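Okay, so here's the structure we're looking at.
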Amino acid sequence: METQYRGAVLGGLICQVFFGIVLIAIYRALYAGKPQEIPLSHVTTYVWLQQAFFRMLLATDPELQDKIRTGAIAYDLCRPLHLYSYYYARIMAQKLTGSVLRALPMLVFAALLPEGWGLCLPASVPALLLSVLGLILGLFCVSALENITMAFTMRTLDPRGMQGMLNLLMMTLSGNILPLTLFPDSWQRVITLLPYAQLLDTPIRLYTGEHAVSRAPEALLIQISWTILLIIIGCAFWRTNQRKLVIQGG
Amino acid sequence: MNTLRLYARSMAILIKSQLQYPLSFLMQTIAQLVMEGGEMMALILLIDRFDRLNQWGPGDLYFFFGLMSVSFYLTEIFGRGVTGNFPYMVRTGQLDTVLLRPRGVLTQVLCSAADPRRITCIAVGVVSLVIGSNLAKITWTPVKILLFAETIFFSFWLILGLFMIEAILCIHSVKSVELANTLTYGGRSACEYPSDIYPRPLRVLFTVIAPFALVMHVPASVILDKPLFSWPKWAAFVTPLSGLILFGVMYLLFRKAMRFYRSTGS
Amino acid sequence: MSYISVDHLCKTFTVRKKREKGALLREKEMVHALKDVSFEIEKGELVGYIGPNGAGKSTTVKILSGILVPESGSVTVGGMTPWTDRKAHVRRIGVVFGQRSQLWWDVPLLDSYSLLRDIYRVAETDYRKRLGELTEALQLEDLLRTPLRLLSLGQRMRAELCGSLLHSPELLFLDEPTIGLDAVSKLALRDFLLWENREKGTTILLTTHDMEDIAALCPRVMVIGHGEKLYDGGLQEMLSKYDTKRTVQVEEHRNIDHVIADMYKDLGI
């Protein structure tokens, strides 16, 4: 529960594991006092999956920030590229490469932890497959989202404050700071519909079986819809940006 | 003292230059408020769902959270030079300029940066403390107030000492600063909660290596009239000194690192 | 006893070489930045220090200013070893880097100077007098309220020079002070340095690649190459010694660089 410092710690493996253990210790103590409907093992699984794929959440391109500030973005705009897809692919690639290498060792470690501390088995084989699908769709969705925020920050020449707040939104509403399953039920109904929850919350719930296999198409449809919507908005943003670009030089 | 006057003047000039961009400054300060508010919200939601954490009630939890918030951000406001600026100084060779001036290195590093934007985070911490104090029905006596002030004071040194780990590793060109930061920022997150909820290894970590438990939790638990250990009450006045000890150790390591820097060059 | 006395100074750096194919660890290489360098400088001298890049010039200056600690050899500046009592030594010297700024970037010059006054613990009256003197000599009066980032390169160099002399140091190190400056600024800077040296008796050690600076300012020049001192004496003598191909007039600046290049070749550096 340390939004602002994750960046400082650079998401190192040991750091992620440490945070995972701390969070789970807290939840275990809480559960001991007041057991919940949702089994503890689902919560621990939630935490580990969030930690493992943490890299996918945050804004990943400091290079672009610099480009915007120095005005070098103008070069990109002169190139015969479809800018939107170029940056989309770029963002997605960075998220993928950043996550997969870290996720695997962490998931192995979490699977080896004792009951009540570690990763539990998926609810069923279909659940596992669906959650992987959900993760992939979630990746598309969050990349589209980030593309928009990037186009947005291109307009504001000093993106630091904006960036911080957007990161916070992402981390809170995706279930990273606190598993969405522990939010008040009324809140959950709304938050799970937002695009932020589509990255990790949806696949995780598919994995643990909270989204029953029968409900999976519904969940996946929400992901797809958001992805399409965000892509459309993103394209529009980039197009207007290309038209009125203010270059701040020297 | 002359050094304090230098520090005050440096701060004034730094803040003056930050206020040259008032809009950006305001936005960042508000962003800090929202971020810290978000962290507090997570606590509020947990309390809403679970009511208590072992023997600690809502008031106790708000109090612990507020204590950590206020201490940590207070240190960040004044000690930002060590975490934010020092790595940059080493990389760009600005550290040489520091060595060319007739003042201590740490003094100059502390004078080089301030982060007044964190003031809103402290405000959130204060709110948490007040809520906690009311809910836990703390009976404030002069002794408790003294203990509280002492806790904040020594927390500053503890956290500043932990910040220095990164600085020391920087000088030795250690690439993965992550481990050190895990202790500092991981410790911060973990010790927003009373450390007795954690398994043994973590408790030892936070008592012996990064003594958050000794500096903050022991006095806080005494203030809340729910002492962590069956130690006599006056022990709570002594345990915070461990923060100063940690700082002392780090300071010596820092000086050693500077000697290393000066014999190997940049 | 000379003001600056350098005796058999040696400094070695350990550098990690690039990883060889098939090797597990990177090999360490010893770079001898300074090999047995000795010289003496009297108070009030204006000395030039030249040599190709990597010769050891900045290493020498860093050791003389107390930043770097050598392996062996002794150095005394005004009776003190620079690196043993850093603060006391550094109070008496000033350093100007051509490529690096020592003033605060975002803040008006006057604020920078007042901070320096506090850092160097200069008395208020001395500070005012010195500031007045320097701003007049360097023509900074109109620029005092401007932050450093808004100044041109020439103005910045003047501001740096002022900042480094506020505490009236006895010894001034200059590292490439005229780099990137236009002709007018260069001349003004040289005039100022001559004035400072003559009026205040400030000892000046000038490291530079610009031979016109040396010709205009330094009666004495030291040449260093591959960590060894190769020449120490008057500029004219050096030029006549190494220019045997054609008669050189120091005023014709085209030739002086040719001479230096030939000299370097001759000395094998």
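Here are some notes:
When the chains are written out, they are named A, B and C in that same order, and each has its own residue count from 1.
In this text, contacts are C-beta pairs under 8 Å (C-beta built on N, C-alpha and C of every residue); 3 or more make two chains touch, one makes a residue touch a chain.
The structure displayed is predicted, hence computed values, not measured ones.
Shared contact partners of chain A and chain B do not exist in this assembly.
Across the assembly, the chain pair joined by the most C-beta contact pairs is A-B. Using the mean of the Cα atoms as each chain's centre, the chain most removed from chain B is C. Nearest to the global CA centroid, when each chain is reduced to the mean of its CA atoms, is chain B.
Averaged Cα coordinates give chain A a centre that lies 29 Å from the centre of chain B. Once the centre of each chain is set as its mean CA position, chain B and chain C turn out to be 42 Å apart. For the pair chain A and chain C, the distance between mean C-alpha positions equals 53 Å. Across the complex, chain C meets chain B through its residues 13-14, 59, 62, 65-69, 83, 86-88, 90-91, 93, 95, 100, 102, 104, 106-107, 111, 114-115, 118-121, 147.
Per the touch definition, chain A reaches chain B in the complex via residues 1-5, 8-10, 12, 14-15, 18-19, 21-22, 25-26, 29-34, 36, 158, 160-162, 164-165, 168, 172, 177-178, 182-184. Chain contact summary for the complex, chain B toward chain C: residues 2, 5-6, 9-10, 13, 16-17, 20, 93-94, 96-97, 99-104, 108, 259, 262-265.
Contact residues of chain B toward chain A in the complex are 21, 24, 27-28, 30-32, 34-35, 38-39, 41-43, 45-46, 48-54, 83, 176-179, 181-182, 185-186, 188-190, 192-193, 197-199, 202.
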